[in-house]
Amino acid sequence: GGTGGDGGDGGSTGDAGSESYEITFWELFSGGEGPIMESIVNKFNEEQPLDTSAEVTINRQRTPWNEYYNKLFTALSGDQAPDMAVMHAAYLRAWGGGVDSIGQYVDTGTFQDDYTESHWNLVTVEDNVNALPMDLHPIGVYYNKDLFEEAGLDPESPPTNWSEFEEAGNAVAQNTDAAAFTQSPYNDGFGSFRTWSTWVKQQGGSLYDEEWNPTFDSEAGMNIAQLFSDMTGDMGWAPATSEDTWGNNAFQNGSCAMAMNGTWYVAALSGVDDLNWGFFEPTVGPNKQQDKVWADGHSIVLPKKEGRSDKKSELAARAAHWMTTENPSWGAEAGHLPAANSIYESDAFQNSPYYDKTLNKYVGMAEDGDYFYHPKVPNGDPNAQNWYTWLVDIWAHNAEPQAGVQSGIETVSSGISE
Amino acid sequence: MGTVNIENVRKVYDGDPEVVAVEDVSFDIADGEFLTIVGPSGSGKSTLLRMIAGLEDISDGTIRIGDRVVNGVQPQDRDVAMVFQNYALYPHMTARKNMSYGLELTTDLSDEEIQQRVEEAAEMMGVTEQLDKRPGNLSGGQQQRIATGRAIVREPSVFLFDEPLSNLDAKLRLHMRTELQQLQDKLGTTTVYVTHDQEEAMTMSDRIAVVNAGELQQIGTPEEIYDEPRNLFVGDFVGSPPMNQFDVRLDGSTLVGNGFTYEVSDSTQERLDQYAQGVDEFVLGIRPENITIADDGAPNTIRAHLDVREPIGSDNYLHMDIDGQECWVRVPGEVKPETNQELSLAFDEDHLHLFRQSDGINILAGEGPSAEIPPAE
Amino acid sequence: MGLRKETIEGILWSLPYLAVFTVFLVWPAVKGLYMSLHTYPNKFDLTETEWVGIQNYVELFQDPVFYNAMEGTLLFVAVSVPALVILGLVMALGVNRDVAGKRTLRAIYFSPYVLTVAVVALVWGQVYSQSYGLINYYLGFVIENPPGWLTSPDLVMGSLAFMTVWWLVGFNFVIFLAARQSIPERLYEAARLDGATGWRAFRDITLPQMRNSVVFVVMVQFILQFQVFAQPYIMTQGGPSNSSDTLVYYLYRSAFSQQQFGYGAAMGYVLVAILILIAVINFKVIGDSNV
Amino acid sequence: MSESTQSQSLRAYLSGDAVRSALLHVFLYGLALLMAVPYLYTISRSFQPNELLRDPRPYWIPPLVGEPITFEHYQYLLNNTLVVEWTINTFIIAGGATILIVAIDSMIAFSLTRLDWPGQGVIMGIILASFMVPYYMNIVPLYQIVSNLGLINSYWGVIMPAAASPLGVFLLYQFFRDIPEEYEEAARLDGFSTFQVYTRIILPLAKPILSALALFMFVYNWNAFLWPLLVLSNETAYTLPIGLVNLYQGNIDTPGLHMAVAILGSLPLFIIYLLFQGQIVRAVQMQGATG
Amino acid sequence: MGTVNIENVRKVYDGDPEVVAVEDVSFDIADGEFLTIVGPSGSGKSTLLRMIAGLEDISDGTIRIGDRVVNGVQPQDRDVAMVFQNYALYPHMTARKNMSYGLELTTDLSDEEIQQRVEEAAEMMGVTEQLDKRPGNLSGGQQQRIATGRAIVREPSVFLFDEPLSNLDAKLRLHMRTELQQLQDKLGTTTVYVTHDQEEAMTMSDRIAVVNAGELQQIGTPEEIYDEPRNLFVGDFVGSPPMNQFDVRLDGSTLVGNGFTYEVSDSTQERLDQYAQGVDEFVLGIRPENITIADDGAPNTIRAHLDVREPIGSDNYLHMDIDGQECWVRVPGEVKPETNQELSLAFDEDHLHLFRQSDGINILAGEGPSAEIPPAE
């Protein structure tokens, strides 16, 4: 029998009552995550885990992440969207018009309990469940134990608060040739925002007001912006550069002691042979009022598509449910925090090579409720690099903190408006 | 049957409706005849030829090839072959392919027959050696031969040539001229040949059609054209150096020019009376070779000043001045008068041409002026 | 009858291209014009439209980001186009001379042209990198703290333009070389007898003789460089401090990141207007300068 | 004036010439070296292990002080990725587009130059004006059209829009216009139909320009990125540039792999370019001033 | 002073060191002389001229213009002006600018003086009306005149012309020929004129230098060249239709050819004895116009078959066949023998040329063979 392709009504074939469905699925994973996703899909296609008489296959298509949302947008505009797609949770509000609410096809009530609360909240926008959560990928601080030692610090007791953190950074800056810290190893806007917003929130600052006007110039916002400027200035923690690969190169070849980055960094670091690295929680911001750590997560959505039968949509939703709840490998091998409660107990997750190094600490932060989500702005592209390059400009001393923050507010508010 | 009949043919180009490229031209070409169309640039020679070929629509009138009216017939169906000025050989094909291509397309001859015809034509044109070369690797003369060969293999009933020799240098042009003549003698195919070179026309043709500004001026054998030009245009156009011309007035039996007089015989005067019809302003025409140097003081001679003497091999051209009017005289190489002296010039009445100033008609030529022949411009 | 047949034939022969051209180029452009006069309440369903007249255009002209992008584009064009034209000309005139190894030179000069922009960006990212880059490694021996080529707001556009010149100059070089080679040598001989050699011959013979190709190349480069996009998009994301933002990059962001397609399309049409204006000026100024 | 001063000045003149020639060679080859440096650097880095690549010192290949060489990046690409499939896809798409472009562009250029029918001028004008339309403005409406035609996810969806490019029409129009009319007339006397005139006369005569056009179009479509990415959704159907970009856009930093990607992605085009470079130059030359 | 002295000049092109383009050529050109260099294509005419102009280096030997050795002198400093075959007018400049450009660069004349000179030259060439047009908008003849005008304004001491008329059509060529001659008469400037057209050379020059394969064959007045060709090459090259040639053997006082014999007079035989030096294989050369049709059976005549008769205006060319050897005869237009018959041909001993078969030297010409003159190829 043929396959129910794009646009075909229901995608069923009339072949002696046994139906078959092909669910197209777009994702953006590359690097270490790509192969894991590939194996999950293969497993699905082999095991046919859904409780249905129909044959359901997932046709996975990967797009470079730079162009992923453009492609998805263009496809939606031409009614060529896939049946399922990976989406960062931050997009769920802005793209609300482009995705079907999951409850349209399945009873979300039956799913809810399968996921951790933080994940479930992640995908809920104004009481609407627009997606099923896959993971949470918060950030933390990765550090070089050898450099700590060289700087006269104890490599096995990394900083836990601002004063320790400051002391460690200064020690590295003074006692070694290396730089102390990078706000994002890719020196990109978005990465800088993860770090900045984490510390802003820890000071009790806010990022947006009720009307989604950016409030980056709150007192906390300005403080951290100033801190960025100081770190590459008076504090001498890092060179004032906006060069994109500086931090990554420096951290990986041992000339930078600390790097703030997401869960995914473990995969990259474990490929570097003679790097002796450790991890600590990023709750080390100055004047901390609360433990807050930036997080976003991947989720699976059902993009709007005319002519997709309800049956197929339902199968897609159930497939997404299976993918997000029955596959410990996603957390274990990709380093993310899995969405399903059940996985946390699974051997696969507990035995992950990263478990002791990073995962248990991420899990701990989750249990403490430390995470806040990357703002789900109502419009525009929350992951757009150019929304946040002002932070790099401040970091690299291309802009004064005051002016930088102002230009950030302008860029983001014009991006969100309309 | 290779006859061509042209009847009241007229051509106005779509692109340029102001200009009448060919105006009401009629003549017939006999089977096997070599007819040359000659005239200055822009006179409509090519247009006429291309209408015969079918490359241009005929605006008015009829053209027949053999017994068939060919107006509207496609070029390839007219049974004609054409040689272009720049040969138009397909640069990407070998000479052989150039020659065989048309046959392959339009006939159902076998490959062998075609190759045989090509080789015969090549032999005839003496380019057997060149058959497998591309046009780019051939000299001008060889290209000319291939282009002619391409026309020959078609075995058409009419050959059309549009200034086929004008891209060759003088020596080669002279040579190819005889080659083409011999070819036509051999094949006996009706040929229409366009040139602006009157010498080519004079040497090659059975008959010559002289055109000017789209109108037929005269048609006849080379001798007729040369000896009895119907009008001033033809007289002037044919011959090199050109015919000398002097404005004269008829006064009784005397032609009075600027700085000279000339007595005509009684018989000529009779003829003048018959055809001149009261007109007394003429252009006296006399060809350079018909002037001789006479003894000083001989009767009926004209005094002239010798400016320049140009030897051209066997002859000498004398560039003379008759009271401000220039005059060419051609004398044998042995006659080498000193320049810058006064000479007496004589000429025979038989060689005299008299054109009416009003319309250029030669009143002494042939049967005398007839209404058919248009006046010269 | 001849005419009618030729007309039919002419149209038939044009049809395949015209069909493709109309469907895949003209029609989208017309749709774009339509879109520039509308907004889309639901960004993901472009069948819902709302007529706004020229509002998108009005907003555009009040948009500081647009002006900044325009400034960046103009700067890029001002650096890259003259360099592309002049360097291409110099290379062509040099190679046209009596030099050994013309073929090799020609191959090297043209070869970057075949690279895709992503590769160009990749390669030059390595070359330009401030602390790991090739340039600064060697420059480091000469001066202390060599600058960040892509990270200094003052240098970034120049660096992108320089890279672009490296990438594309081969095209101009080939065209200029061909144009130079088709100038008859006899003109230079006449000029030598007239006493014009060197600079004079260049000014009075070479340049006027190459005018057509200069016009062509200047035209093409204006059109292409005004649409610069991939270089800042891949390498700098418009930074630092928005100093490498360009019109088409902004158009792209409006259309895709912001899903404001009408706004992007309006920008596109402003760009079309600018290019047509430049084309007209170009032909007026260089095209018939010495009538 | 004595002969000795004569010959002295002659010698001075000659040596002046020699110096000038030497300077010219130094300049041209210096430029060539500068232009080649980014390549050499890229090639050399693609053979270095990742450790070396994080060192700002450029280790040139061939190694000066015995640094290690590795083929691991290339091995990885060939063994672990679909690079071979992508290459084949790219060949199909770029080749298909090229063939289609050459076919339909030459047909319309033939019609516009060799056949006479009303409206030709207007059509040529529209085609020329379409040069100015920014590519990115057309993408969204174009996608809707392609999608309505059901061409998403098919090679045709990539090929057809590529075939709408006006460049080829423009180039061929110029060239065809200058082919002497006599060939066609001779052909008509030989009994050629319009189709035969096109296939047997015009196309062979235009071979150099057609191959130059083909090369330009092949390069262009080989390098095309955004549109094939939007249309093609299947990794196995990706073209080389998409596949390669997909590869190196990980969070894992593998500079050596990037360099190998750059080399491998460009290599086929370099080879094709070297094979055809004579053709391009000849074609551009025949275009004369390319006005 | 417009003299030009060429001494043992030799030229080998760098690009093609195998070919000696000009080999040890020496001759002098007097002030005000009009010297034509003539020869077949590739014989080195242009090379010679371009060495005088300074456009090519001189490989060996010396060239003097006036009293000055010009080897190594830049073209603009040689006080020469040149007119090129295809005119080499600057297409982007008006005719006026074309003419004034050189003056502006090389002299410090005021603008007014320059404009005055330009206008004088234009007047002289009759192109005043065309001064503000670009070359592309001018006819061939007008372009030619502008190019000549560009040379005139420079007021050089030597004019150099490289086939200046070969791009014009026959009629215009004839016309421009006299125009150039008159110009030179008026200006009296030394002129070196290159052509491959022997007729042009014969009509225009004070003296002619015939070159072949880079070597000077003969230099002399047109009459000398025509009447006393030093060798077979010169004899063959000059004259149209070309000189008839027959291989003969001297047997006592009889020249025995293929199908004919010819008795020479005693005085000729003496000369033969003096110069032939035992050689007895010759080429007999006789020009077409020196042959007459004799009565059948007259003594010392040759029987020939008449193939073709070509009328060219005033004359008839007869294409004859003497036992398989072709022979041209030129007779007056009145003489019109029927084709395809046997005729008797006679010629006068005075017009006879005898070339040694071994080296082509004409043993009857001038002072007889001298070592200086190279053998014909």
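Going in written order, the chains are labelled A, B, C, D and E, and every chain counts its residues from 1.
Here is the rule we use: a contact is a pair of C-beta atoms (placed from the backbone, for glycine too) under 8 Å apart; a residue touches a chain by one contact, two chains touch by 3 or more.
The model shown is predicted, which means the values in this text are computed figures rather than measured ones.
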item: Fewest touching-chain hops separating chain A from chain E; value: 2
item: Those chains which touch chain C and also touch chain A; value: D
item: Copy-to-copy rotation for chain B and chain E - C-alpha atoms, rounded to a multiple of 5°; value: 180
item: Central subunit by CA centre of mass proxy; value: D
item: Comparison of B-D and A-D (more C-beta pairs in contact); value: A-D
item: Centre-of-Cα separation between chain D and chain C, whole angstrom; value: 16
item: Centre-to-centre distance between chain E and chain C (centres being mean Cα positions), rounded to whole Å; value: 58
item: CA centroid of chain A to CA centroid of chain B, Å; value: 92
item: In chain E, residues with contacts to at least two other chains; value: none
item: Chain A residues counted as touching two or more neighbouring chains; value: 70, 74, 77, 245, 249
item: Chain C residues counted as touching two or more neighbouring chains; value: 3, 46, 131-132, 209, 211, 261
item: Chain E to chain C touching residues, read off their complex; value: 50, 53-55, 74-76, 80-82, 84, 86, 88-93, 101-102, 105-106
item: Sites on chain D touched by chain C in the complex; value: 21, 24-25, 27-29, 31-32, 35-39, 41-42, 45, 54, 56-58, 103-105, 107-108, 110-112, 115-118, 120, 123, 126-127, 129-142, 144-146, 149, 160-161, 163-166, 169, 194, 198, 219, 222-223, 225, 241, 244-245, 248, 255, 258-259, 261-262, 265-266, 269-270, 273-274, 277, 280-281, 284-285, 287-291
item: Touch list for chain C against partner chain A, complex; value: 42-46, 63-65, 125, 129-132, 148, 150-153, 237-242, 245, 253, 256-261, 263
item: Footprint of chain A on chain D - complex, ascending; value: 51, 54-55, 139-140, 143-144, 146-148, 152-153, 226, 229-230, 233-235, 242, 245-247, 249-253
item: Contacting residues of chain E [partner chain B, same complex]; value: 41, 166, 169-171, 174, 178, 181-182, 185, 196-197, 199, 202-204, 222-223, 226, 238-241, 287-290, 308, 310-314, 317, 319, 330, 333
